[in-house]
Structures are given as C-alpha cells and as structure tokens.
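The structure that follows is given in the form of structure tokens.
Per-chain residue numbering starts at 1, and chain names A, B, C and D are given in the order in which the chains are listed.
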Amino acid sequence: MAAPLFDRLVAAAGATWPAYTRHDFVLRLAAGDLPEAAFRRYLIQDYLFLLHFARAWGLAIYKSDTLSEMRRAQGLVAATLDVEIGLHVEYCRGWGIDPAAMAAAPEAMATVAYTRYVLDRGLAGDRLDLEVALAPCIVGYAEIAAERMTDPVTRLDGNPYRSWLEMYAGADYRALADEAKAALDAQFARRGGEARFPALAASFAAATRLEADFWQMGLDAAR
Amino acid sequence: MAAPLFDRLVAAAGATWPAYTRHDFVLRLAAGDLPEAAFRRYLIQDYLFLLHFARAWGLAIYKSDTLSEMRRAQGLVAATLDVEIGLHVEYCRGWGIDPAAMAAAPEAMATVAYTRYVLDRGLAGDRLDLEVALAPCIVGYAEIAAERMTDPVTRLDGNPYRSWLEMYAGADYRALADEAKAALDAQFARRGGEARFPALAASFAAATRLEADFWQMGLDAAR
Amino acid sequence: MAAPLFDRLVAAAGATWPAYTRHDFVLRLAAGDLPEAAFRRYLIQDYLFLLHFARAWGLAIYKSDTLSEMRRAQGLVAATLDVEIGLHVEYCRGWGIDPAAMAAAPEAMATVAYTRYVLDRGLAGDRLDLEVALAPCIVGYAEIAAERMTDPVTRLDGNPYRSWLEMYAGADYRALADEAKAALDAQFARRGGEARFPALAASFAAATRLEADFWQMGLDAAR
Amino acid sequence: MAAPLFDRLVAAAGATWPAYTRHDFVLRLAAGDLPEAAFRRYLIQDYLFLLHFARAWGLAIYKSDTLSEMRRAQGLVAATLDVEIGLHVEYCRGWGIDPAAMAAAPEAMATVAYTRYVLDRGLAGDRLDLEVALAPCIVGYAEIAAERMTDPVTRLDGNPYRSWLEMYAGADYRALADEAKAALDAQFARRGGEARFPALAASFAAATRLEADFWQMGLDAAR
C-alpha cells in the first residue's frame, strides 16, 4: 500500500518542512518565552487568515464534483465561520485585542502571500491542488502541536500559550487534521496519478515556505 | 427612494418575465392538469439543478468581501445541502422517483444552460452579477407561487401539485425570497451604480429566458 | 504505447459520438440540401460561440503552469480573435448576414449550454478538464469534415456549403486539430492518471451531446 | 468633468503612493548607486512576476464582456509573452543572469503576495477590480520613471540602470500606461459608480503597498 499522500509531500519537502514546523516562533511558544508582541501580531493576522480560509472552502464547494465533496467543504466553512472565528475573537479578547481593531488591521504581506497563493492554486488547478496547498496549514498545525507536546523542553505550567498548544494537540483538532489527510488520499486516488506528484510536491513546499514566513512575520513584530 | 433593483430588473425584462412566470407549465401545475411526466421530468432536473445552486453559493462565499456577505452565502449553501436536497429527495420518493436514479440522470440541456450561465456570470463578473443571475430563480419562484395562489383558476383541492404551490407560497420561502431581494439592493448600493444597470438587466433577462426554457423542458417530456 | 486520449474518449462516448459527428445537420450540409435557414442560424450562433471560445482560451492562459502552455493558449486566442472571427464575419456577409445584427442576436439555449459548460469545467477543474471539454469542438470539426470528404454521398459541385467542408477538411485546420490532440496527451501525461479517465470521459460525452444539440438548434430553425 | 480614476486612487492612497514610487530602491537606481545584488534580485523576481502578469491578462480575456475588451487584454498578453519576456531575458543575460536559472528561481514572498493578490481581486471581483489592482504596476512604472527623469539628482551618465529608466520613461511605455489609465476610466464608467470607490481605493492602496514590498525585497538582497 502506498504511503499517505501527506507523508510523501512532507518527505519531498525536505528541510522546508521542519523549517516551518520547528520554526523559532513555535519553539519559543512551546517554551513559553515567545514575546507577547509576536503572539499578538500572529493572532491578529491569523484572524485575517481565517476569512480567506473560509473563502477557500467556499471555493472548494464550487469545485466539488459530488455531494459528499460539497458537504466536506461546507463543514469546513461552517467550522471556520461558526466556530473558529468566534473562538478566535474570544481568545483575542483575552489578550486584550479589540475585535473591531483586529478586523480593521491591514493584512501583513505574509498573510496576503499564503492566503492568495492557496486561492490561486485552487482556481488555476483543481480541488486536489487546492487541498494540497491548504494541507501545510490544516494538517501542519496538528503535527506542530503534537510534536511540541512530546518535547521535554516544552513547558505547560505557567506558559501563556498553553491553551494554543492544547487546542491544536487536542482530539477535536487532531480528528479534523486526520480527515484532511484522508481527503488528500481520496482526492489523489480520484484525480491524481503519479505524474502529478512533482507539481503537487512543489506547490506543497511553496505553501510550507509561506507558512514559515507567517511565523516569521509574527516574530518580526517583537524586534 | 429608488425602486428595488429586482422590480427594475423585472420591468426591464418586459414580456420575457411573464413568459417565465406564467409559462404553461406553471399555469397547468396550478390548474392541476400538468401531465405527470412533465412534473416528474422537472423534479429530476430540479434535483440536478440544486447541486449547482449549492455550488453557486459556495462561489459566493469565495467572492465575499465581508463576513456578513460570507455568512449569507453560507446560509444558502446550508439551506440547499442540509434542507432542500433532503426535502427534494423525500418529495421525489413520494412520486416514485428513486434517489439513486435521480442522481444518475443525465442533465437536460436546459439544466446545463441555466446553471452554467449563472456560474459564468459569477466568475466573469462580481457577486452582484452572480446574485442578479440567480434572482429569477430564488425570487421568481416566490412570485410565481404567490401569483397563482391569488388566481381564481388555481385549484388546490385534489391538485397533485398542491404541496409545491404551498411550499413556494409559504412564509418560509417568501422570507428567503425577500432576503434575496434585499441583498440585491445592498449589493447594488455597494457595488452598483446606474451605469451597470443595462448589463445587469440583460443578464437578468437572459437568465429568465433560460428559466422559461427549464419549464419547457419539463413540458416537452409529456409530448 | 497507450492509445491517444482523444481516441479513448471517443470510444468511451459510444453512440454519443456519431450522434454528433453524423448528425442530420452535417449529413445534409455535405449533401448540399441543408435548408438555408438552418445554416444561417448555425452561422449566427457560431459567431456568438467564438466569443466564448476565445474566453475559454484566455482562461487557459490563466490556468497555465508553464510558458509553453501559456503560449499555446495565447495562439488559440489569437487564431480566434485575429483570424477566425474576421473570416466568420466575411463569410456571413457572403450569406447576407449583417455583422452588427449577428453580434446583437440573442444566444440560443444550445449556445449557452455548450459554451458555459466548457467554461465551468475549466474553472471547477484544471486545464486538462478544460481541454477535454473543448475537444469535441476543436478536434471533432476536423473529424467531421474529413469523414464527409470521403463519403461518396457528399456532393461538392454546386454545394452551397462546400467552402465550410473544405475549410475544416483543409490542412490548416487539420494541423490545429492534431495539435489539440497532442496537447490532450501531453496534459494527460502531466496531470492525468488512469483514475481520472472515467470523469474525463463523462465530461467529454456531455460536451459531445451539447455539440449535437448545437446542430439540432440549427436544424430547428428550418422547421 | 471628473478627475481620472487613476488620479483619484493615487490621491486616496495618500502616503502609501510615494512610499512606493519614491522607494529607496527607485531613488538609488536613479542615482546609480543601487547595489548590483539588489537589482539582480529584482530582475529575477520581475521575470517570475511577468509570468503571472500574463496570466492576469489571460484572466481578463475570460472576464471580458465585449470584443474590444477582449482585444485589449489579448494585446497585453501578447506584449508580455511576445515582447517583454524576451526583452527581459536578453536584458538579464547582459547582467550575467542565466535564463534557465532565472526560470527555476523560487518566487520571493513579495512576488507571490503581489501577483496572487491581483489574481484574487480579478477572480473575486470583476474586470474593474482586476485592472485597479494592476494599475500600481502598469501605470506606476511610467510615473516612477518620468518623475526620476525630471529629478536633478538623477544621474544618467555612467548609471548602470540607465536603460531601465529610459525604457519606462520612453514613449512606448508611456503610451501603454496612458491606455491603462484610459481603460480604468472606461471600466469605471461602465461598471463603476461612486459607491465602488472606497473598496477600489482600498484595493489600490493594498496593491501599492505590495509593490513597495517588491522593491524592498530587492533591497534586502543587498544587506
């Protein structure tokens, strides 16, 4: 049996993958010494990111060939607009970030780059292209949190970012990431073929680099 | 105060509008003497139509500029995938139409023409273009049912199509149509300008003609 | 070596293919007894078709991954806008069809259905989906003309439609069709995989049916 | 008579506009003391930019409502693929940049951000949205070069970047920029309305910021 597509994409990305998943932003977040300004900047831009994430899954509804494909995309739009954005707003309020100010913040270049890259892959290509470009985000966040949770250097007690780690390492998010991995395999089985792998791997690596730039954008706010 | 955009579009469509809303298919449905084969054909194609209707609102999520625009589109995707398609399947079962056979039926040319016309307007233009192309369907069905309900020729007792008339004349559907009319005005206020009216009116008229062709496709099954 | 993708798509389409390529419209055109009204209707709608054909190749430029893919699509936009539309206008003038009237003619449902179906395949899917949906037109016309040219029933002397047959049977058009066939194979090699074949075959068959409807729309004008 | 749309967009952008047009990269290029590494980086990324610029005008062909709109977009695809890319390759060869290496270079985040932002505006909105997002580039380059040419600090003799300045200050490029300005007015007259101005201005300002980031990406290569 072939390795899952996600695992193959990660392997093909080489050093690009850990440069994202073990980015300084992540390591310091897990150690609890990430500067607050960096996290705050990340939170605001992540809110703006979520709006385009919902747009991407709206696009996936349009690009669906079957009712079940539509329903999966619809579920992710709902998860984003009905749950995640609300949680995010509440969470940010806890950090003293005003929802209206957050919504009015200008998008960082890193936010524009990753979100619009994903949307362009989705429109220029097919739904497999779209889901591959989204995978570093959806699946990556679960991997990042899980890996940090098993790292002895990670500190939970008194870590101001503990709830972030626990959310993405939690069973709910893990299930969502597992579904996304399974969907990649299903799409690849239906619309793939080995010939597509090199282009998909290039797109996955490019999206992963843009995700690392997103962490860096957060860190840069603390300089 | 300006007339609602929908009313202006209907006025600009001239005789094209009643050729759709008072099409023989509709009049005979209200009179209860529409051939069953015509209604059956319509039901099957309307199911296929709904899949593309959900895709159109998925596209509208992608094309949204604001969270509230996204949420309205999301609500219509949900109304279609979670409610309408289920009701439709149940309703069709009542007419002895097997769900699997319905899903596997080839699309009629009229179904292809209207659904893809709408999607193309939405992709080539902006969200206002998309909503205008959808209006003959969403708002039109409410107008059609309401008008027939006040027509003394309409027969409800013993009319096999009574539930169809009552659903689209009902308060729930009327509210949905009213929201769609209000959304047209909101979009036109935000993205419009008188200069766009002629092109919007041409698109509305073209979509209306394609909706009339859809009724005709039903009738033709009974020849 | 695998059979060319186009040949496999034709084989999978079964009776749908000859229902298009040997449609009555075509046979009567070759015999020279197609009613003039039918041909005139076809010519006008074919002009409107060409505008969307150019849009489809513009879309293909957007959907290109490589410079050479872009250039092929650009070449087809140029062939359509710089050559074909001009020839078409001249040709129609020879049939007494006024260019302005032609441009202002409403699109027939069959024209809307085929053109928008193609554009939707291109936007919902990838460039391979787009080229497959265009193939019944581009490659089909060459096959149709070539087949009729070898048919003893075909009459060239005094046939008012002779130049149509000769154009699509000519070396220039044949080369364009051959390029389109080769491009299908190249796209399938790069983005395909056997798993995609059933969906591509279904799309090709649907597009072929819509092309047959296009001939029928011409014939219907003569009733 | 109303001010040209471009002038209004520039005025609305406030300090964002000169932060782009008088960016350090530009001033040092005009003074002749821009580090070579900065210019080289810019040249390579500008090549990658051009590929997406051609895609954007391919998209504009798809989004055209009229033959003349299509032809203008087609002309810009041709100008890019047939002329600019060739000139660019030649020019880069003069700077010792190998064409194959250039084509294989990874896209900088700034390149991804601006190009995909433009494409997303074009797909989410209409052709006016697309042309507004492209204007800081097309029209901006002519303004930048013209302004530098009248600046006494600018040095042409012995300036290694002289040909760059002369190309964008030249009559050919000025004509292309003037056409783009006129097209903005035409699109705004046809699809605009004052209500759209704030959103268009926000998009223009965002695109302008991304263009300034593009200069900065060049400069950063010399650090």
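Here are some notes:
Here, a residue touches a chain if its C-beta (ideal position, glycine included) is under 8 Å from a C-beta of that chain, and two chains touch if they have at least 3 such contacts.
Here the structure is a predicted model, which is why all the values come from computation and not from measurement.
For the touching copies subunit A and subunit C, the fraction of interface residue numbers used by both exceeds half; the interface is of the same-residue type. Looking at A-B alongside B-C, one finds more C-beta pairs in contact between the chains of A-B.
Relative to subunit A, the most remote chain by averaged C-alpha coordinates is C. Its C-alpha atoms fitted onto subunit D, subunit C is found rotated by 180°, rounded in steps of 5. Centre-to-centre spacing of subunit A and subunit B amounts to 37 Å, using the average Cα coordinate of each chain. A separation of 43 Å divides the Cα centre of subunit A from that of subunit C. Separating the CA-averaged centres of subunit B and subunit C is a span of 31 Å.
Shared interface positions of subunit B, i.e. residues touching 2 or more other chains, are given as 55, 62, 119, 123-124.
Those residues of subunit C that touch subunit B in the shared complex are 55, 106-107, 109-110, 112-113, 116-117, 119-120, 123-124, 206, 209-210, 213. On the side of subunit B, the complex with subunit A involves touching residues 51, 54-62, 64, 67, 70-71, 73-74, 77-78, 81, 85, 103, 119. Residues of subunit B touching subunit D in their complex: 62-63, 65, 123-126, 129, 189-196, 199.
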